[in-house]
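Per-chain residue numbering starts at 1, and chain names A, B, C and D are given in the order in which the chains are listed.
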Amino acid sequence: MHCRDKKGIIASVTNFIHQQNGNIVYIDQYVDRNLGVFFMRVVVEGAFDDSKYTQLKAAFIASLGKTFQLNCSFYLEEKLPKMAVFVSKYDHCLYDILSQQRSGKLTCTIPFICSNHPDLQFIAEQFNIPFFHIPVSKENKAAAEQKQLEILKQFETDCIVLARYMQIITSKIIDAYRHKIINIHHSFLPAFPGAKPYHSAFDRGVKIIGTTSHYVTEELDAGPIIEQDVIRVSHEHEVKDFIAKGQDLERVVLLRALKLHCERKIMVYGNKTVVFN
Amino acid sequence: MHCRDKKGIIASVTNFIHQQNGNIVYIDQYVDRNLGVFFMRVVVEGAFDDSKYTQLKAAFIASLGKTFQLNCSFYLEEKLPKMAVFVSKYDHCLYDILSQQRSGKLTCTIPFICSNHPDLQFIAEQFNIPFFHIPVSKENKAAAEQKQLEILKQFETDCIVLARYMQIITSKIIDAYRHKIINIHHSFLPAFPGAKPYHSAFDRGVKIIGTTSHYVTEELDAGPIIEQDVIRVSHEHEVKDFIAKGQDLERVVLLRALKLHCERKIMVYGNKTVVFN
Amino acid sequence: MHCRDKKGIIASVTNFIHQQNGNIVYIDQYVDRNLGVFFMRVVVEGAFDDSKYTQLKAAFIASLGKTFQLNCSFYLEEKLPKMAVFVSKYDHCLYDILSQQRSGKLTCTIPFICSNHPDLQFIAEQFNIPFFHIPVSKENKAAAEQKQLEILKQFETDCIVLARYMQIITSKIIDAYRHKIINIHHSFLPAFPGAKPYHSAFDRGVKIIGTTSHYVTEELDAGPIIEQDVIRVSHEHEVKDFIAKGQDLERVVLLRALKLHCERKIMVYGNKTVVFN
Amino acid sequence: MHCRDKKGIIASVTNFIHQQNGNIVYIDQYVDRNLGVFFMRVVVEGAFDDSKYTQLKAAFIASLGKTFQLNCSFYLEEKLPKMAVFVSKYDHCLYDILSQQRSGKLTCTIPFICSNHPDLQFIAEQFNIPFFHIPVSKENKAAAEQKQLEILKQFETDCIVLARYMQIITSKIIDAYRHKIINIHHSFLPAFPGAKPYHSAFDRGVKIIGTTSHYVTEELDAGPIIEQDVIRVSHEHEVKDFIAKGQDLERVVLLRALKLHCERKIMVYGNKTVVFN
């Protein structure tokens, strides 16, 4: 939940849960003092059946939701998000997503994989996941996105991961999945946005390269950052070494971001993320 | 504060502060589920004069303190802790402590420096701080510690930093400064406790070395860990390189620990620290 | 190559290659001054057919090999090592090894997977790799290792990775694969050797956990370290969080070690590794 | 030394040293394959008096220098560089430079400190180093730099460190100290060049901040990078926390760069550095 910061929010919310015999197993809050906004994430355990759950949500919204003008989201831990995977030709992030999901470490289901190239279909088959090959060109872009939207809808998809999907997504899809499309950019943003960041990093002679996972917005590579990490390089490394080291980092950073998203630990506000971890 | 975990603590505490017109500017809590212990750190702003502050503390202890059997400590932000510095011959940590304190980044006062060697007296003079040279040998250990205790008392010292002080402290001083003596050990504890850890790390062929700041307890190098950090080494580095890299890390890690302690962000429970940062 | 350090080795070796019209594309050397040992790794490009290659090796050994009493190994880049994978029930390292090998980033072939449990057979099938289920108990240990050795021999295996294989390997196999068995230990060795290191790290209250890849020797968890890395933890993390974070690190560190080994960038000397990277 | 890459350079150079009874205690080389440039750093021990040293240098230049068209520099380890320190009002880097130099860990002499403000004069006095207060304004910039140049010359200064000196240096001084002026920029360049980088990083919502030490060139914050490092931040940190964490990193990164420079381990080529470490 988030709202304008006021005295007494924490007390009111914890009181409410306490009175409903809920047990708070996790609570964390944060106040952005520049913006005067209060954020809180609460995990509650309780013997709630479906109707009790619906009733509690309604009661919460009607009372505290109104008093504090809360923006709040409710999730049931056992209801896993459905995450579509968009790829092009790179396989390293795809393999990681599928194997971590299979291991039970990435708590989502994967309804389908979509690609503008047929190259990785064999991996989808290895893991028994539907694969859609939708070629994308300048000319057919709108039609391709329309088709993607239909498949997303058909599978009741909750969110999308661009696992090194080498196409720009337009507002057609972004609008439908606001703050629900997660990209991995192979640079330490905002340094080296756009294409070929490893080449740019090499040319600039940096001593550390990085990678950034962020939510996709209309402005390219400028959406809210979820997670970043870096690795050292030296004059001894060529562009191909930057790429090899970077790709290892891409899969680690993307997976961390996906886990945070699937476990509902991220709130977006303005162009930033509050990550309760 | 910490106590046995129960429902309603957060609500009760935030309610209390709310009712007293206090403004919570920071709140963080943590539950150790294995031990069933609840920890919380709260920073409150308010227009309290001295008598109101004393009255509030008493009221808090009498009501919530009793209800929840709280162990709680109260600090006024403007009352800086008095931290004595014990050194031997290494100057890198001492220089860092003094310059960071002078810069206003280490929020304490430094009543005096104490050493078993006269070598660093000139630095104490550079910074205009009283210096006591108390030689320590097997024979005079008890007397030396007695003298140290007298000086500590005379200066109303709150805590002690062993800034590469190459002597073992006995329970005589530890008892008087339980969880208030901060040491920097030049290894990634519990690897390589005791003397010459850089040599041991070199012999073992590790690829990363570290350093550890901890509270001093009777068992050598086994007290509650406050902060650790590491740095990469390779086969190309000799023991002298390990030492050079390690000493750079020692000053960074020790300063981080001292800042946390002086800003009252650390709680000790069992043989561990809860660090609200 | 390695040998006792003497003047003129580099000059002699580079002269030799120069005279044979070889082009040095990589050269790195290191002198262990404590031991007085010289190490060098050289990568040479040249238009050598098989007979010329054999002749050059012989000439090198006969001349410089003799003069400097060199211990040297020769590898053809295009001849990939055959690496067997031993697993138990954990799948995270196995998935990583197979997918990185398939992506062409781990330059080896994988002749077979061997496990004391049948649980991961389906992954072997996903990747079309022979799987041998060889149960291991106190009673059948010697027989099981005998069977493993036969399979290793049958597939002309060059090296073995213990990808969280929860069994101790005896000298029977170690002797046959000296410095060719790579293990991943889930602690920052030499801290917390043996079983349950994440639990021990949690109990000690460390602020950083790590993982270590090393060559297997007779002494448990004490072989030459290849690669290590660490990740921060805090009081907020429980043992299960240590395990989750640690497992992410295990696959990263193990893969780095395997890549170094498969690219022949590691030399073992005494109980240490020289890693030319 | 550096030159166009050719076969036989290493052999020729090591032969030359070998023949002169020099003992190579360190050798490292690197080939930039894109540019076709060869770089090498060699440390030689030998019983050379002054005239022998001069004679050797001349012989080397006349023979190999000519053959390979080498660009080479010679340094005597015992002749420490003279490094002037320019500061404004921030004291954290200055304290670190002076204390590390006093500890013998920064191998240079410090002939004087120069500032556009009088605030840090007391630190210069603490360490007994001449202090020059040269105010700089838009109007007097040229005159101020003229005065700085005179003092630099008077003290036979070899290099300059801008230890958070908040003024732009013009080509007047840059020309005289090409690749000898070391700056610390408080961002992970090329992200957030110019002023107020911590504010920009905060606004962008990055999860990691960094700092960069580089040689000063005419283009602002775009000179060859020597060293960088980073530290994690989160949504919980405000701009003041970014600054506090960043300043701790600034002193660490600047000191590393200064040590590399003073130990003559850096070569500049194009707009990059080759760091032999």
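Definition applied: contacts are C-beta pairs under 8 Å (C-beta built on N, C-alpha and C of every residue); 3 or more make two chains touch, one makes a residue touch a chain.
These figures come from a predicted structure and were not determined experimentally.
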{"item": "Chain C reached from chain B - shortest hop count over touching chains", "value": "1"}
{"item": "Shortest chain-hopping distance from chain A out to chain D", "value": "1"}
{"item": "Self-contact between copies chain B and chain D, residue sets same or different by half", "value": "same"}
{"item": "For chain B paired with chain D, centre-to-centre distance based on mean C-alpha positions, whole Å", "value": "35"}
{"item": "Approximate Å spacing (C-alpha centroids) for the pair chain C, chain D", "value": "38"}
{"item": "In chain C, residues with contacts to at least two other chains", "value": "none"}
{"item": "Complex contacts: residues of chain D adjacent to chain B", "value": "91-92, 95-96, 99-100, 102-103, 105, 126-127, 244, 247-248, 252, 255-256"}
{"item": "Interfacial residue positions of chain C with respect to chain D in the complex", "value": "7-8, 10-11, 14-15, 18, 23-24, 27-29"}
{"item": "Complex interface listing, chain D residues touching chain A", "value": "30, 32-34, 188-192, 204-208, 210, 224-230, 234-236, 238, 270-275"}
